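Both complexes shown next keep chain A, but they swap its partner, so chain B is in the first and chain C is in the second.
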Partner chain A sequence: MADREKEHNPGIPVVAEKVKVEAPPGEERPAPVPTTYEVPIGPIHPALKEPIRLTFKIEGERIRGVEVRTGFAHRGIELMGTKRNLIQVLYLSERICGICSISHPIAFTLAVEQAAGIEVPARAQYIRVIFSELERIHSHLLWAGVAAHELGFDTLLHLTWKVREKVLDILEELSGNRIDYAIPIFGGVRRDITPEQYPKVGEMIRYYRGLSDELMDAFLRDPSVEARTRGVGVLEPQEAEALCAVGPTARASGLRKDVRQDRPYLVYGDYAVKAITPEDYGLKPLGDVYDKTVVRLLEVGQSLDLIERCLEDMPPGPITSFPKIPALLAHLKKAAGEGLGWHEAPRGEVIHYIRLEGGLDEPSVWKVKAPTYSNLMSWKPMFEDQEIADIPIIAASIDPCICCMDRVHVVREGGEAWVTKEELLKLSWEKTRRLTR
Partner chain B sequence: MSALQAVWQAAVVLLGGGLVGMVYKGVDRKIAARMQARIGPPLRQPFLDVGKLMVKEAVVPRTAVGWLFEAMPFLAVVAAGTALLYLPLGPFAPVLGAHGDAILVLYLLAVPALAMALGGFASGSPLATVGAQREIVMLMSYEFPLAVALVGVAWRLSSLGIQPAFSLGTMAAQPLWGLVGPLGVLGLAILFSCLLIVTPAELSKIPFDIPEAETEIAGGLMVEYSGVYLALFYLADAVKTVVMAGLVVALFVPFGLAAAVGLKGGAAQAVDTLFFLFKVLVVMLVAVTTVRVGMARLKVDQVARGFWLQITAVAVVGLLFLVLDKVVMG
Partner chain C sequence: MILKTLISQLLARPATNRFPAKYMPKSVTHFLTNVQAGKAKIVPPVPVPPKFRGKIAYNREKCIGCQLCIRVCPAQVIQFLPEVKKIRMHVARCTFCAQCVDACPVDALDVSPDFLIADTNRSSKALTVE
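Moving on to the complex of A and B:
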């Protein structure tokens, strides 16, 4: 009876069950009941760079189900944001995630600029685009290295990360930091790109263009990598659409979905950025790990082109409309209203929502939706019927960023609590009402 | 050979084997690191690792079957060490050559893997259980091509009237390459390459490190082992590397250097011993280091299919060439 209930309620984790079947004398033994066992991955596991727990229901080597538990990296950063002035929150937003440390501030500044009605000078917009494309290059190369490591191909990890140093050097040259660049500020950027720095960026572009064949060879034409990535972790286009996947995860399934294309912001509109799918590599999109690699590697090339064109087109002029911080703070304090900032982070669409009350230093609401949050659900179809050996690479294939994603953790009466769909719906209605009051 | 002589010979071989295995592990790590554009650990790192593990606390999980969990590392070391005693070491015949044949070596080679699998099952961790299942599948996959290579050589020797054919000592003393016709040489070359492919699988190295698979099952079989038990498995692995490379050398490249340059007596033995160690190192570098640097980890079903279909087919073809050679040569 209890078993029957469990069958109809897939939400309850089934712990390894040993069912002893006693055959009555003289009768044939009934077929053995298929037993599953649980393999926990995380919260601490070599395949995961950040804490999250995936509990797999395994039959032999096949995955029959997965439960995802998040919340290990929840820091209450949004609440902290509502207790500080906006400049301080800018620093917080940069520290949501080390790898997307330009994407979050860009989305955040766009939201605040919308709420406070601040104009951004053209040159600053170009600089923001250049930085976010540099970040895309370093993030995708980082991902490629991690993916190689998950496949047990450490040589490729070391070589990819060695190559990645070049873009980090450029980021350090331009901003002073390898990560957490502190570039965007409301109304512009904090540092200009000087003419002496142009050739260095140009040299980096040539360096990566020269390497692109080698990288493509290593990731797309190596037989052992192909054997591990082709047909693994497939996300059908319909599923990607239904589960609202974003970024390279959605594009690998053939969805031409890219914020830079669908809702151009900054100067992206001038360049008619096109979402890259495996079709651009002459492949029929399958949505497997191989396709996700293809998309990310092609996007490195796309980013190089964008940076090159931005450097050419960048007009001279001021880099911020508020050179004096006190003036900016005074303006922000007066501003009232709400703003929504979109940005295509390397992992997909990131959204920041901000609500400012006139006369207050701090925002009354700050909401962050990171790409991993949108992509998390696509794990379920991707893991279905795959092997244990595929777990790390499938988990890595959406390029999960747990610290970006962990925005909510429900603790009730001292213990952890499950929230049902109805409760969740009610919570979200309440929140919307609170926001739009 | 008196019992006392056998004992001190065995002691020398075991100590030397352990030492060489550890040094070679260091060489392997250093060269792999250089290939990956890293600096890599110092050569003595394996000694430091084992030394540190020896003084660390060994934790036995509460869910483990204690005695089995604790006994298996010892079994692995003992089996690997015993296999070493059946190996012809350059100019020296196997220490225990008179007390067992090549088939025994095959079994001894399988014992450390079985010990690891049993230890994994006994540790009561789901990750180790997965690793142990994988180890057993691997064992069933690579043993057949390995056996075909060994038996092929032994059968061809016996068909030439050389006895005892099923002894590694005989195989090393009578290199087949010069005794067979062109078809036989082709067959031997095929079996040789099969054995080189089996070597990393036997040693659980990338692309065949499936039972341990750090990023998948967090070390799998080894996940619950710590302290002295982990050190023993480490040692067993080092010795097994020497045994496996030594087996390849004994079967397919048993040539000495001393006879070619006309040395005699002690000098010849010294030169041949060094040459043997050099050959073992080369086999390890070719079959283990370069392969593990240049490939991604495969999946257990891919490996099982590959060994059962492709590699076994190739090995059988090699064996057929040896049979044809016998028919042609008469």
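Moving on to the complex of A and C:
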């Protein structure tokens, strides 16, 4: 009960809690009494970009435990999705995350295409891959800048974000928007990559290849960055596996885990994409923040290679199997069944589940699993025994996207409610029964 | 690399475009009124690519009032005017996905390169297309 009161009174920032330690036998002077403090951060805090509550148990300068509370950014997006037609839901799915704004639509379109039995032309599949790899470059560079900022190295932040402008310009050139590209549609894509645009993309690839050595120098061979990231926020491979970490968080711990490699979709199967771990850089994977930087920077290079090969191999042909929107709407209305779509977003695996009822415009069920949902658990071992000053960089190292992840918020009798594990399990069973009937 | 870039950046022009003025004016509203009166000059924005998705342009003559755009619009931007069988768009709500442009069977809708449409009044004339 006392804990709950503390939870509701964040005004008292520090609560001292004395722990008694027995003096070892044979010694006269008792050992110093360790004192643990609780430091709550969030839900609203200048260091946080998104609302989340982290309560740290601190002993001196060391973190002894962390409690994470989510649910502050729940938007009810899945429920909204069941009240609109599928084309409207597509743009809603794009707005689940501002950075992964092609990963969610791709996973969503793949799910709907599976449910409705829609074929995607080859050229459209290539264009989808090119866009998702462009997004990976922009997301990883954005993360690198944020990481530099969290380390207090703002010069590097501005440098990385200046470099990142190039890929945003290309995305704007190809799609018409810098973010929220609105490119995938059921049965294809909405905009073609024209021959005049090929040289511009080629120029971008050369620009980043020319800079890759310098960026590697700035991040991986810089003594101050190395000092702040080596051995910080370590996630052991066994823990990463047990906690089901995904994306660069898992790969930095040495797990060769990538949806593009394990369950290839679109045209990724043709290119035999290999998951990148720090071993590819000649390092033994430790799973610290440095390794996560290594993985992300190497993935930028991998994405450049993929884009180049896709541009070469892209066959001519139609970009969508439904050029007329009324025909698409009619087909989707008739379709019945369920579909599952997945995509390797820059942060990890995105899964969309959809169930369509014949004769209805709206989906009856829409379920989204964003990568941060899987990665959030890995915070606990990562924060263990770290210093207070390393909290921002460790928190940022999984590239958290809180609003992507918030899917549940229980409200009872007008107020907030507490749900035990058993109650949550019961709720989950009830929902599964309701959906499967 | 960092030192090299820092020193070259000292001599070079800023990486960003100084829009709308080279130095922050004391009052932006006053500055913009001056621009409209022709007393001050605006630093031009970065040119947009050819297929940029800006404010939606509407050709009222071509429109047949089929309401397909209303069906696909994810943000409920478009209002149907039943008396004249035409549409009115409230651009303040628009998400610039241009799905209505794709859906329009008679090409009455198109994207324009116009993106300087910020306004304090969401139902102002500039933000209502009809």
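Rule of thumb we're sticking to: the second predicted complex is superposed on the first by the 405 of 437 C-alpha atoms of A that agree within 3 Å, B and C clash if a C-alpha of one lies under 4 Å from a C-alpha of the other, contacts with A are read in each partner's own complex, and residues count from 1 in each chain.
Rule of thumb we're sticking to: contacts are C-beta pairs under 8 Å (C-beta built on N, C-alpha and C of every residue); 3 or more make two chains touch, one makes a residue touch a chain.
Please read these numbers as outputs of a predicted model, since none were measured by experiment.
Touching A:G317, do we find chain B (first), chain C (second), both, or neither?
It touches nothing on chain B or chain C.
Pick one for A:G269: touches chain B only (first), chain C only (second), both, or neither.
In the superposition, A:G269 touches no partner, neither chain B nor chain C.
Touch check for A:Y37: first (chain B), second (chain C), both, or neither?
First partner only, chain B.
Look at A:L92 in the shared chain and tell me whether it touches chain B only, chain C only, both, or neither; answer first, second, both or neither.
Only chain C is touched by A:L92; chain B is not.
For A:I388, select first, second, both or neither according to whether it touches chain B, chain C, the two together, or no partner.
A:I388 contacts chain B only, not chain C.
Quick one: classify A:G337 as touching chain B (first), chain C (second), both or neither.
Neither partner.
Touching A:T155, do we find chain B (first), chain C (second), both, or neither?
both
Give one of first, second, both or neither to describe whether A:G202 is in contact with chain B, with chain C, with both, or with none.
The answer is neither, since A:G202 touches no partner chain.
Is there a shared patch on chain A that both chain B and chain C touch, and which residues make it up?
The overlap between the chain B and chain C interfaces on chain A comprises residues 155-156, 159, 162.
Would you tell me which residues of chain B are touching chain A in their complex?
Residue list for chain B touching chain A: 35-38, 126-127, 129-130, 133-134, 206-207, 209-210, 213-219, 293-302.
Which chain A residues qualify as touching chain B in the complex?
Of all residues in chain A, those touching chain B are 16, 37-40, 45-47, 58, 60-61, 148-156, 158-159, 162, 222, 224-225, 227-228, 387-392.
Sort out for me which residues of chain C touch chain A in the complex.
Chain C reaches chain A through residues 1-2, 5-6, 15, 48-49, 51-53, 68, 71-75, 95-99, 102-103, 105, 111.
Flag every residue of chain A that touches chain C in the complex, lowest number first.
Of all residues in chain A, those touching chain C are 84-85, 87-92, 94-95, 155-156, 159, 162, 165, 172-173, 175-177, 180, 182, 185, 190-191, 214-215, 217-218, 324-326, 329.
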